[in-house]
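Dumping the structure here so I can ask a few things about it.
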Amino acid sequence: APLTELSGDEDFQLFLQRNLEFTRKIHGDVAALQRVVCDTFQLCKEEELLLVRQDLDVAQALLEQCHKRTFQAETCFSQIRAGLRIYHGSLATIRDLLPGHAALVETLQLDMANLSSNIQQQMEDLGLATVTYPTENQDPLPTFSSRFRHQVGGFFILANFQRFLETAYRALRHLAN
Amino acid sequence: GGTLGCASVAVGSPIVPLGSAVTASCTIQRELCRGLEQGKVRIIWMLDNKLVAGSQHQGPGGTEVSNLTLPRFNHTQARLWCCVEWNGTKQRIGMAEIRAGYPPAKPLNLSCILNLSDYGLTCRWEQGTDSHLPTSIVLKCAGSRAQVVTGCTPQGGHSHCTVPRRLLQLYRQMEIWVSATNALGTAESEHLRIDPMDVAKLDPPTLQSIQSIPFQTDCIALAWDVARGTEHMELQCELRYRAPEDPAWVLVTGIIGRAGTAQRCGFLFGTQYHFQMRCRRSSASALAYWSEWSPGRNYTTHEKAPTG
Amino acid sequence: GGTLGCASVAVGSPIVPLGSAVTASCTIQRELCRGLEQGKVRIIWMLDNKLVAGSQHQGPGGTEVSNLTLPRFNHTQARLWCCVEWNGTKQRIGMAEIRAGYPPAKPLNLSCILNLSDYGLTCRWEQGTDSHLPTSIVLKCAGSRAQVVTGCTPQGGHSHCTVPRRLLQLYRQMEIWVSATNALGTAESEHLRIDPMDVAKLDPPTLQSIQSIPFQTDCIALAWDVARGTEHMELQCELRYRAPEDPAWVLVTGIIGRAGTAQRCGFLFGTQYHFQMRCRRSSASALAYWSEWSPGRNYTTHEKAPTG
């Protein structure tokens, strides 16, 4: 049954309630990292870094099938998992930038991996096809030509990831009654 | 069994149920025993330091064999010595260690708490009667598809251990149980099927401010904040208050929401009240733990407003 | 400095003495800056979040260059931002981190103790004023011919560390000093020239028994033992005693020898005395440490013997 008809299914609702809270937790931890980047590097306002961003290739995962107009639950779930994987990899850039906060970054990566496998298991429970990603992330890390660009790159990885989480959160809430 | 080359001791099993029978045999190949070649060989058995009687006979190839049966072995640990007389002395020439005990008892009353400061899951259980045998006890933790089984091992004989965050699946049902194994068997506790978040132990909320609502002086407005690290959770909170001389608390349940305010009326005028609050996750699980009651706050309501 | 490809910030030196001048330049290659191709480029400087004025001119190859001089840089750490105006917003396009401080202060009052339980040499010193700069501090230890320099590194900003046994030369003079280095220079403490054994800290001796010598009841014999692990050492010990009500101790110095007995006369009759003892290596070095005083022992002398 297409996901949207499952709004009455108790297990599915429990899955949604749990992972709505999980997404809020991850969103809160990313906000904490953004505060650290602001305090540490004085990089706080996105509008002051638009010129620099044009020159940086920073990870950005799009969730076309999670937006209201083009909402398609099954694809949206797969896009969320794919995005979580991309940002899981690029968080290594943040860990290099903020060695003093490696624990917070590692907890964030653990939560992202858990959220992704929670979604995967729910999709499998619903008989949907899923992708199993290798545990180790082989994608090469972006390199930056200066500390400043490395710091700005980190700033935008977190900013993009926050927008990604907010979109994913709205999609899950749309499915929950 | 311990072999000397010239003598070998064999036992049915080195570990037996307590009180069961133990059989052993000591075989001496005279030609391999320097000094025992001539004369009669008399085999003597000792259980630790107590003589016990065996039955000796000639075995194949000129060996001397003595069989021993202990009908009810009730030591938890003992050494069975095979000895011979030699130059007027008793020579210990073979030995077997025997342990006895019980299969492990079923671990009972398994319960777990998720500590929100490090997201470690600490589980406790009751071990049951001692099996007297080396017993390996492990807490096991599996995702519901049980692909990967992780967990933790209690240290120093304790009946609790903590599963670190990286071995947990949050916001999803896991299966948790205790497994105890020794030479005589294995026992498993009940299996808990819980989402670790359902057993999260929250820090208490903090009562920020308490004020009378001006025009209805018998009502107060109370502002409270949730504990750090729980801002993202759906919480269910309770408020209790009483005047110092009241024996019983008034309990206000079902306060929902993440942080906020609550209003309450029916207070006496010019009276000091003591307020406390606690919260828990409003998850479906009946296992959810209440936080401790928050540190108390006192508030004295207005004197009665002059009428007319 | 931070380069955008389109903008690069260069500073004279990223680390300068506190209060000295700082010069910087920001160079913008317009053709490499998407969005800056048209219109006038106005370069703005910010020191952390405070605007500072630079002087802008056209540089070679159509570049825009702004130079900045800060006559007295009195921040220990700051960020120098090169910004431009773009679509009505201030864009940060380059950055340089500047630190300022002092060369390291000379470490003072270096002293070391050899712990006889693990033969580790623990040295302490005073760090002196903070240089405000990342400073690497290392204790250095060299054999007298200074072929191999070993030592240890203090952890977590402490002013002490321990050289492990395997890096020490015992019973021979070593040279020990502290070296502090940062971007602005290096400072060294006085060099101690000691044999680690000279600064051994002994455990106190133990008073085994105290008895009156029968015929001269105003004398006592005292048996004592040296601390374990010091039996092979030439020791110099001291005894002190006093009656409870006495304010001052009587001190007996120069007790030589490894273990043994000491005799002492002139005690009052029927009086309780409190005895303690301590020892040190009788090495020539003035640095040798006394052990702590041993746990006290009380002894009450005989009543006066009936005369005649």
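We call the chains A, B and C, going by the order they appear; numbering starts again at 1 in every chain.
Note that in this section a contact is a pair of C-beta atoms (placed from the backbone, for glycine too) under 8 Å apart; a residue touches a chain by one contact, two chains touch by 3 or more.
On a predicted model such as this, the values are computed, not experimentally measured, just so you know.
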Central chain (distance from its CA mean to the mean of all protein CA atoms): B
Superposition of chain B upon chain C: rotation angle, C-alpha, nearest 5 degrees: 170
Among all chain pairs, the one with the most C-beta contacts: A-C
Most remote chain, CA-based centroid, reference being chain B: C
Separation of mean Cα positions, chain B and chain A [Å, integer]: 38
Chain centre separation in whole Å, for chain C relative to chain A (CA means): 46
Inter-centroid spacing, chain C versus chain B (mean Cα positions, whole Å): 46
Sites on chain C at which at least two other chains make contact: none
Junction residues of chain A - those touching two or more other chains: none
Chain B-touching residues of chain A, taken from the complex the two chains share: 14, 17-19, 21-22, 24-25, 27-28, 107, 110-111, 114-115, 117-118, 121
Chain A-facing residues of chain C, complex: 1-6, 9, 33-36, 48-49, 79, 81, 83-84, 86, 89-95, 97
Partner chain A, residues of chain B touching it in the complex: 119, 143-145, 165-166, 168-172, 195, 197, 231-234, 283-284
Chain C contact footprint on chain A (complex, rising order): 41-43, 47-52, 54-55, 145-149, 151
